[in-house]
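Scrolling down, you'll hit the structures one after another.
Both complexes below contain chain A, partnered by chain B and then by chain C.
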Partner chain A sequence: MNAVIRRIARESRDFTALVIQAYVLLFRLRMRRAVVVRQAFELGNRSVVFIATTMSFIGLIMVLQSGYQAGRLIGDYSLLGPGYIQLLVREFAPTIGAMMLATRIGAGIAAELGSMTVTEQIDALRLCGAEPVEELVVPRLAACLVMVPALIILAGLFAEIAGMFAARLVFNVPFATFFELRLLTSGDVIVGAVKAMLFGAVIPLVSAFAGLSATRGSEGVGQATTRAVIHTSISIIFLDFAVNVLLYPVYAR
Partner chain B sequence: MIEFRGLSKRFGDRPPVLEDIDLQIPTGSVQFVIGPSGAGKSVLMKHVVGLVRADSGRVLVDGEDVTDYGEKALFKVREKVGFVFQQATLLDGLDVLDNVALAIAKRFHVKRKVARERAMTELERMHLQPFAHRFPADLGAGVKKRAAIARAIALDPRYLVYDEPTTGLDPIAARRVDRLIGELKGRGVTQIVVSHDLASILGVADRIAMLHKARVHIEGTPDALRASADPVIRQFLSGSPVGPM
Partner chain C sequence: MSGIRGIVAAVGRTALQFAADLGGLAILFLRVLRTIPRLDIYELIRAAERFGWQSAPIIGLTAFFTGGIMVMQSLPYVEQLQAMRLLPWAASFATLREVGPVLIGLMFSGRVGSNNTAELGTMVVTEQVDALRLLAIDPYDLLIAPRFVAMVAMMVCLTIVGDAGAVIGAMVTARAMAGMEMFQFIQLMREQIHLADLASGLVKSGFFGAGIAVVSCYYGLATSGGAVGVGRAVNASVVASAVSIVVIDFAVTAVMGG
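== the complex of A and B ==
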């Protein structure tokens, strides 16, 4: 038990150090622009098809389920679209989108850095006088801070479009009725944006930490990748809860 | 001079990898460290640059005790000591030229263009210019190893540690590495070479230390090693599968 507590304390300390170091270097602009752009392409552009596909199906499912309930309980579909958009902007697009991205981006970062760690590439980098956090973590953090919110907007867009078609085809709700923004407030948009930006920071940092902590060959890389996805998902859920509580006055009416 | 004083190291509950190691590597010399696989040679070398921390004992570089140095303090030590890993360890995401150029840019704080020019010179020295724009995944082990050596030498170290530099190389490339070790010795670079390559060991070394059962079993010149009647040394030199090892 003591060993577990000691390990958690050590990992928390090391993770905090990584976060501080990464942000200090980020604000000092200690990164090469070309590397950030390449990372943005690798992490962002290459996730578009994945996020579009998954979020479209999630949008379809959510509208189908909500529509059945609305039809069964009140028999009126006019609030289906406005309610769905509100929840999508404030909750589902950032949270579910980020969880999806954690599996795509987080696993990728952890596997790449984990492989570099167990093959001693990180040690070699250090011995060349380079700082692994500056060379490897900061470009990924910068790329994710831009690309994750962008992908989350895209995720919301695809979920909305898919939902709109589901509502039209299954429940005969006109596009104009579904795409109504009357329930959406600026508070919802602020909360959604805050979550998107937070998740954009969490995914690369948690995943990079898992990768840099990898040990024991390919088995260790696999464990690091699994750890990255689990820890990132838990962090996203926890932060989602925290933002919902802390920003309650912003979106509650 | 690099010096190990009473160095011991074990990992977890397993038997010690190193036990009470005393070894001095005089400035300008070529010291080979030999021994069977798993004898702790690589672990010993990693103590010099702080990649492995001693359980007890001291590591001194130029008389400076670096045993307990943190990452920042180790930066100065790592400027002096180059290290060629057993598995080459080129960065997968960079081509050979940029692997060398990154190290030069970081160490000497020069612009990337200048670093690339210098890197190309180092690659030419190692006959690697045809591979300059290839990525590590597309290269054989021998080319990667030579590129890693080029990267280490490009940093102009005063000490250079090689972990099995000729393993995986063809005989011509291996002898080129031997010749390079001789050239660097002429420039006053102190070199420590972990090796199993008898041609290198007996042809290039000034002194040889053999690790066996976590301790320095014998330390001396190549001639002393050749003349030794010690059964462990005899078996190592003959490569016989039967013997005390």
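== the complex of A and C ==
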């Protein structure tokens, strides 16, 4: 028990140190622009097809499920589109999109940094007088801060379009209702944007930490990837809960 | 000219790889179904303990927060309609049927599926699987079939744990944010939620467990290229598991009609 507490304390200390160091370096703009742009391109390029596939299916499923209930309980599909857009903007696009990105981007970062750690490339960087956090973590953080919100917007769009087609084909709901923004308030948009940006700040740091603390051997990389996915997923759900509590007055009017 | 040729070649390579993966997954699934009667029972118990018992706290915690999130998301609608009585239904209906199984599936693939790929991948890379074959032990009997059965069973069990966590989270949040007594919440929920809703979620998660098991075993056995290869396999496995979850979810939803 004592050992567990001590390990958790040590890991939180190391993680906090990594977060502070990464943000200090980020705000001092200590990074090469070309590296950041390449990272951003790779993150986006790697995730676009994945996000498009998964979020389209999520959109189909959500509209099917809510459509069956709306038909059974109210018999009226006029609120299906506007309500779906509202829930998508303030909850499901950021959260489910970020959970998907946690498996794609998070696992990717952890696998990359983890393999560099076990093959002692990180130590080699230190030997050359380069700071691993500055060289490896900060560009990924900067790239994610831009790309994760962008990909979440894309995720919402794909879910919206897929949902629109599902509603048209299964329940014969006209396309036009999926362009009605009458339920959407600025509060919903603010909450969704805050969540998207927060997740963009968390995914790279949690998974980079998991990758950098990989232990030696071929099992180490796998374990680091697992930890990255799990820890990012938990952080996303927890932050989502926290944002919902703190910003409840904003979106509930 | 060469640019266009390069693009066509890349598209073709991707399509061939996709077809090969899909075929490999199907073959693995059929082989697993055939080997289930011969599976190693001790391996099954060990795998179930490792997959299920050790993930339960994380799943319960995540589900607790998910229940809370769903209450806060449905509260504005319920307040607008002046129908506080509907809060337990609004918060737990979608959680039990849809959101719970999907999120638990994603967590399960992240923890258990990727762990499984890493383990099998390490065994392949260090030639332990070949050693098993050399000893005339079928890796499917000893490694794959027990894990498949354990993952399906544990995914269902973990969804029960998750459902409990989500209901408790919803109750606590409803008490804190809407002032609804916990006893009243449970009573209303018993009137509004049917056993069929619960069963639908559990059936779904059983299918998710099967999908995650097949995907993670396939990528584990296909690992090549040392420690870096294991990392790559794990990465590919979690991504493919996430895709398989949403595809299976869609198929089950369409077939069961919600």
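Observations
In this section, the second predicted complex is superposed on the first by the 253 of 253 C-alpha atoms of A that agree within 3 Å, B and C clash if a C-alpha of one lies under 4 Å from a C-alpha of the other, contacts with A are read in each partner's own complex, and residues count from 1 in each chain.
Everything below uses one rule, namely that a contact is a pair of C-beta atoms (placed from the backbone, for glycine too) under 8 Å apart; a residue touches a chain by one contact, two chains touch by 3 or more.
Keep in mind that this is a model prediction, so the values were computed, not measured.
Once the complexes are laid over each other on chain A, chain B and chain C both fit without any clash.
In the superposition on chain A, contact is made by A:R126 with chain B only, not with chain C.
When the two complexes are overlaid on their common chain A, residue A:I234 makes contact with chain C while staying clear of chain B. With both complexes superposed, C is the one of chain B and chain C in contact with more chain A residues.
Touch criterion not met for A:D14: it reaches neither chain B nor chain C. After the two structures are overlaid on chain A, the closest C-alpha atoms of chain B and chain C sit 11 Å apart. 115, 119 are the residues of chain A that lie in the contact sets of both chain B and chain C, per the superposition on chain A.
Residues 50, 53-54, 57-58, 60-62, 64-65, 68-69, 83, 87, 90-91, 95-96, 99-100, 102-104, 107-108, 111-112, 114-115, 118-119, 217-226, 229-230, 233-234, 237-238, 240-241, 244-245, 248, 251-253 of chain A are the ones touching chain C in the complex. Against chain A, in their complex, chain C makes its touches with residues 58, 61-62, 65-66, 68-69, 72-73, 75-77, 79, 93-94, 97-98, 102-103, 106-107, 109-111, 114-115, 117-119, 121-122, 125-126, 177, 226-228, 230-232, 234-235, 238-239, 241-243, 246-247, 249-250, 253-254, 257-258.
Those residues of chain B that touch chain A in the shared complex are 49, 51, 71, 75, 78-79, 82-83, 85, 87, 89-92, 102-103, 106-107, 148, 151, 155. The part of chain A that touches chain B in the complex is made up of residues 115-116, 119-121, 123-130, 135.
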